[in-house]
Amino acid sequence: MIQYVSIVLMLIGIYGLLIDRNIIKIIVALNIFEVGLNIFIVSVGFVSGGVAPILTSVNSNSALIYVDPLPQALVLTSIVIGLGTTALALAIARKMYNAYNSLDLDEIGGMDND
Amino acid sequence: MTNPVLLIVVPLLLAFLSVALKNNKKQLLFIAAVFNVVGVFIIENGSYVIGGFRAPYGINLNLDAYSHLAVLVINILFLLIITMSNEKTKEFSTVLLVALAGLNGMLLTGDLFNLFVFLEIVSITGYILSTESKKYKYSFNYLILGTIGSGLYLFGLIILYAIFGSLNMADISFKMLSYDTGKLVVPIFLMFIGLAVEAKLIPFNGWVRGVYGNANSLIGSLFASVYAGTILFVFGRVFGQVLVLSEYLVAVFVAIGVITLIAGEVAAFSKNKIREILLFSSIAQSGLVALLFVTGLIFPTVLQLLNNIITKAVMFTIAGKISDDADTDEADKLKGIFANNKIIGVSFTVSALSLIGLPLFYGFYSKINLLLGLFSKINYFVAAFILLATIIEGAYFIRLLVKLWTPGEEGKESNIKFVTDRKVEFDFNKKVIAFMLSLIILLAGISPSLVKTNLFAMNKLLNEENPSYMFELKGGM
Amino acid sequence: MNIMNFIYAFLLLVFVFLFQTSITGINRKVMARLQRRRGPKWYQQFIDIFKAMSKSSTTHGWIFDFGVIMALGGIMATTILIPIGPFKAFADVDNIFIVSYLLAVGMLGMAMSASGSGNPWASIGVSRALTNMLAYDVPFMVLIVSFIYAFKTSSLSGFAALQQGAGILGWNFFRFPLGGIVALICLQGMLGKKPFDSFIAPAEIASGPMVEYGGRHLGMLFLLHEFSTFIEVSIIVHIFFGGGATPLEFMVKYALLYTFMNIISGVFPRFKIDQAVKFYYKVPLALAFIQGLIIIFTGLGVS
Amino acid sequence: MDFNALILFMVFSAVLSYLVSKSNIKLGAYSTILFSLISLIILFLGRNNIGNEFSLLYMNFRVTAIGWYFSLIMILIYSMTAFFNPYWMEKILYPSSYNFLYLFSLAATVGLFFAADLITLFIFWEVVVWSSTFIVPLGKSRKAAVVYFTISSIGSMATLFAIMFVYSKSGTFDINEAFKFLASEPLTATFVFFTFITAGLTKIGIFPFHIWLPLAHGNAPHTFSPVLSGGLVKMGAFIAYLSVGILPAYKAFSTSMTIMGIPFQIYLLMVLGAISIVVGTLMAIKQDDVKKLIAYSSVANGGYILIGILMMDQVTFAGSLMHIFNHAIASAAAFLTIAAIAHRTKTTKISELGGMIHKMPVSYVVYLISIISLAGIPPMGGFVSKWLIVQGLASKGLIFIAFAAFFGSIGSFLYVFRPLAGLFLGQLAPKYENIKPSTLVMKIPMVILASMSVFFGIFPKYLLETIGEIQTSIGIDPIMINGDTITTINGVLNTNKVAAIFGFGFVISLMIFLVLPKSRKVGLMDTYTSAEFIYTPELYHYANSFYAPFERLYKNHPSVEKFLGKFAVKTEELGILVNSLFFSHKPSVTVLWVMAIATLIFLGGVDI
């Protein structure tokens, strides 16, 4: 179920990328896409009825079902990378605003044939 | 055994240092590049576990014939390019150091998620480098597409992980052998899109024109040669060796490759600016290399890839320099520019002819090899398309060369008085290295056995019929 | 090939000169009668030639002279190749291709000389003459090729010999009527008679190539004209009318054919040069191809 | 001397000539003469090398009789043309590179003719193409080089495809072995035949690949046009020979439909050859630039050569081989005379010249002899070869091909006469009143080539005996020649006799001329002008659109140039389309593509 939600989130992000002309909105859409992706990654590790794969005094029985811990590690990395990208994107957006005095791609663009 | 992780770690370390030692950034970059080139000759093939977990649970580096050749070429080219465009490196030293680490990581890693991380690192350095031209909207375009691409790659990768429970290349490869690959179309295709954005395959490469078309001598040649080379080596690793492709996917990928090849050449034919011609030629070459990798030909593809990236390093450096100095790179405004820069002209010419694949140049050797490979696989149509592309390629490169060498009006004899009055001064570094590279291209073309025995001696696997590194190292398992 | 051959050759030239010039004279008379005139005497042509030769003349440089010499030399050499009935000055040289290409030497010399005069009328005439040649020669040669294929010979005397002995109906003209018609049309073009005489059109381009000539040059060109007429008509007589078992038979056939062509010429107006080309490439060429295909694929008429 | 030493010598002489030119341009140009002459002598004396095999690097060579013959022609043309190089050194932009490429392409052609395997053949083929491509733009047109290279690479890529295909089937590159398996596979053989011969067709300039000849020959530096037309075009003939001689075409096609005894595959190409003759002739007739005119005549003559080679029989093949030689020397000589004139007058346009005979008589005579040979008029060499070709065609009854042959033959009178009338004869413009005749060094090659045309026209046996040996070596009946009498099924030709008769006629004519009263010399303007007063020689010179009425008949002809021009425009438009479809600067376009393709794949991939 959660996987469908994540895919819907990704599609919303892509929809935003397709129709938005505002740079900031595009960056937001990109982030929505990434969030959807990250949720998907986490969801992969979910095992119904599983417990956290940590050896504690409560559940030291190795026969128990554990959830997969790896996707959580992966998603951490992914989030960090997403953060970096967003930061860079915002920096570029600021530069663009300085350079073109606009945040609208249609206004900035129109030079497709150059 | 010398651990190849040094190739990644040392540049990264120096990158942090360079933030502190602002005044010596340039030297640090140079040191790292030289270190890596030396290091490439010291490291030995094998699987190296990183972090103490044994593969397939932990991350490992795979240094086999294929990746060894790749890091060798990429590091040498990196060194040569930053030396050629020495005057431009200061501003971007830190970024370049990170990029060097990322590039080596991409080539060496034996883990698909690790590959994603390095890919992102390299991409981010790419976005930053592309801002040099101050054309921010192109950088922004590149950033969005690159992020989407690597997002899709990750998406596909995670699905694979969900199916096989592993991220190790060799492990996945083995598991796929006993799996119905027809069911893996979606994840593999998502990964393909992810890499295709960076590898410049049509239609995922909208960013290329803006970024390559405005890059200066340093960044253009880095993108076209080092970045493109790396991503294609990785592409060959993932789609040529690791993933087992169903026939349906092979057909689709080959089709995309062929479309990229032809469309790229045709687009290049319609261009007049030197850098645009070169960038579309790069796109076409990427398509060619990608489709050959997918077809399962490794050795000839690597030859062709080397041909592409070595010649592009020379040509993009020259084209970038010309447009830096002359304020334009339109061939019509640069008539006869080589008349005053003969050495550079010869280097450019040799590179272009080699890229077309004319005899006596290295490119001919790779072209013959890839044709032999295709014919042995009864791939007549692909071969025919490649030859068709060669015709178009020859036409526009010769047109460009003729413009740049022989100024003159139609109907009047070529004369020095028609030479453009735009001046371009090439420095010593560019002349020497470009000429040296063209000499290598020439020598390798006249005597390909030279290449075969020296460069490829350590690369015996590539000479075999059906190379798969998986069976050599087993991913360190 | 010895000295006797050359003596024969010389005699042949003299004979052809006398014979053809007389025929031309007679034809002038015939033509005059056709046009209800009295006409000159039959030997008027001799008088014209010798008179021209005896007059002084002007020259426009060495090529002007050389061209005339080359033209007459080439045409006389070609004349030597032509067998008269069974009589040949040299053996094995009456190959149709040799004849037609050697003929071209004379034409070229004449054209050179005319252009060398520097007079544009001459050049215009030459341009028309050459265009005319392109028109009439091609259908004729197509015809000849099919004949060579059928008869396995390409010599004039060879063609003639194959037709002799079967009477009039053995002549190629009757065995291959389509080809015969083509040949006659082409002959008219070769001779430069109406309706294909636009290249010398006197009133329009001042006689074309001849405009600058006078005196000995003109006299030699008169000679040239007689010889080339002889060559062209003889080719047709040999290939289509059975040549001649005796020189006399040949001469009679020759005279009749020449007169016939002249009479046709007397009743026609003149084609423009492009009209001539169009005509030759429409009618005679098509007929020649049809005849050729008939010969090659059905063998009809070959025997 | 061994021929591997010869090839090495030629390569090093190219480098040496470059170095010499760097220090002294003139000396470098003279070195090209010296080196090419030395190569010529070595090759000529080294005939006993025929049959030898040797290798250099990864390339294998085998000296064959026909290869020897072709290389002899090639080096002859190169060495003769080299005499003109010294006079163009100041005019050419890169003289040292020119000298280098000049000798280098020569070395490559020789390598090509001696190639023992297909890869060697292809390597030298391409080397010749690119080395000559860089010489062409030094002349008058940049576009010419591009068109030349593009058309050439269309051919060479098709040939490369055939080579690879043959290799994948037979497993060998050896020229003699690789094609053998085709003898029993007519369908494959048809495919290989057509793809392999394409390079030859492009090089000879067979319709529809003829468009590069007028561009490249007409605009190349004046010293390189003779080489292009006389020499490099003949490489195509060599490929054509390989495609019917070595590739067992007649054997492989023995079961296919025949037209007059010729398999239709071969007949098809002969028709192309015939079309080239007609097109070349018609286009040559209307050219104003002499160099373009001769270039189109090369197209027409290429048609004869192709037809002859494709016949692969006793008479026509011999005629074709002889025509290769005759056309080489004649067209080279013609181009050289034009170069000599351009050297003084700076133009090659007929309409801008006139009366050159009064200033350059030697060039005139050489040109005259060459064009007589080109047009196939006795007693020049061209007559013998055309006679043989026509005899061969007639004996097979190929009337449609023969039609083209005659059309080209008689049409050639038209176009060869145009420069004669417009450029050499006619009125001399006052601005050329003071030009000097060509230099002695220039006269040497022109006179040599012209006398060769005459010599081989009168004594063809020296050539035909060699050709007979070639025919024997490739297993067809040699041409029958006894003394100076050439015998074919349908007729005999004794060139001595014809020449003697011609001489006899000429002597009589000369005597008549001398006996008659002397004439008075007058100026060129002293002519009949219909009582007009004309003082401007240029206006009194008929050289523009010489055959205007005839040209009008086909002025609206379709042309390959126009078609290809449109095609190039379409390609560029396609490029722009690709550009706007895929290379938008807005991310949304590419994202849309990504989604569209992904959706398609999902739809297609799910049910697989």
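First chain written, first letter: the chains are A, B, C and D, and each begins at residue 1.
As a convention for this text, a residue touches a chain if its C-beta (ideal position, glycine included) is under 8 Å from a C-beta of that chain, and two chains touch if they have at least 3 such contacts.
What you see is a predicted model; the values in this text were computed from it and never measured.
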{"item": "Centrality ranking, top chain (CA atoms only)", "value": "D"}
{"item": "Identity of the chain that, by mean CA position, is farthest from subunit B", "value": "C"}
{"item": "Which of A-D and A-B has more C-beta pairs touching across its chains", "value": "A-B"}
{"item": "Geometric centre distance via CA averages, subunit D-subunit A, whole Å", "value": "67"}
{"item": "Where subunit A and subunit B are represented by their mean Cα positions, the distance between them in whole Å", "value": "28"}
{"item": "Where subunit A and subunit C are represented by their mean Cα positions, the distance between them in whole Å", "value": "96"}
{"item": "Separation of mean Cα positions, subunit D and subunit B [Å, integer]", "value": "43"}
{"item": "Subunit C, residues touching no fewer than two other chains", "value": "none"}
{"item": "Shared interface positions of subunit A, touching two or more other chains", "value": "14, 17, 26, 105, 109"}
{"item": "Of all residues in subunit B, the ones touching two or more other chains", "value": "137, 140, 144, 148"}
{"item": "Pairs of chains found to touch, sorted by chain label", "value": "A-B, A-D, B-D, C-D"}
{"item": "Contact set on subunit A toward subunit D in their complex", "value": "14, 17-20, 26, 105, 109, 111-112"}
{"item": "Subunit D residues within the subunit C interface of the complex", "value": "260, 355, 357-358, 364, 368, 372, 375-378, 383, 386-387, 390-391, 393-400, 402-403, 406-407, 410-411, 413-414, 417, 420-422, 425-427, 485, 489-494, 496-498, 500-510, 512-513, 516-530, 540-543, 546-547, 549-550, 552-553"}
{"item": "Contacting residues of subunit A [partner subunit B, same complex]", "value": "10, 14, 17, 23, 26, 30, 33-34, 37, 40-41, 44, 68, 70-71, 74, 77-78, 81-82, 84-85, 88-89, 92-93, 95-96, 99-100, 105, 108-109"}
{"item": "Subunit D contact footprint on subunit C (complex, rising order)", "value": "1, 6, 9-10, 13, 53-61, 63, 65, 68-81, 90, 92-93, 95, 97-98, 101-102, 104-105, 107-108, 111-112, 115-121, 123-124, 126-128, 130-131, 133-134, 137-138, 141-142, 144-146, 148-149, 152-155, 158, 206, 211-212, 215-217, 219-220, 223, 272-274, 277-278, 285, 289, 292-293, 296"}
{"item": "Contact footprint of subunit D on subunit B as seen in their complex", "value": "137-138, 140-141, 144-145, 148-149, 152, 182, 185-186, 189-190, 193, 197, 202-210, 246, 248-249, 252, 263-264, 266-271, 339, 353, 358-360, 364, 368, 371-372, 375-376, 378, 380, 383-384, 387-388, 390-392, 394-395, 398-399, 401-403, 405-406, 408, 410-416, 446-449"}
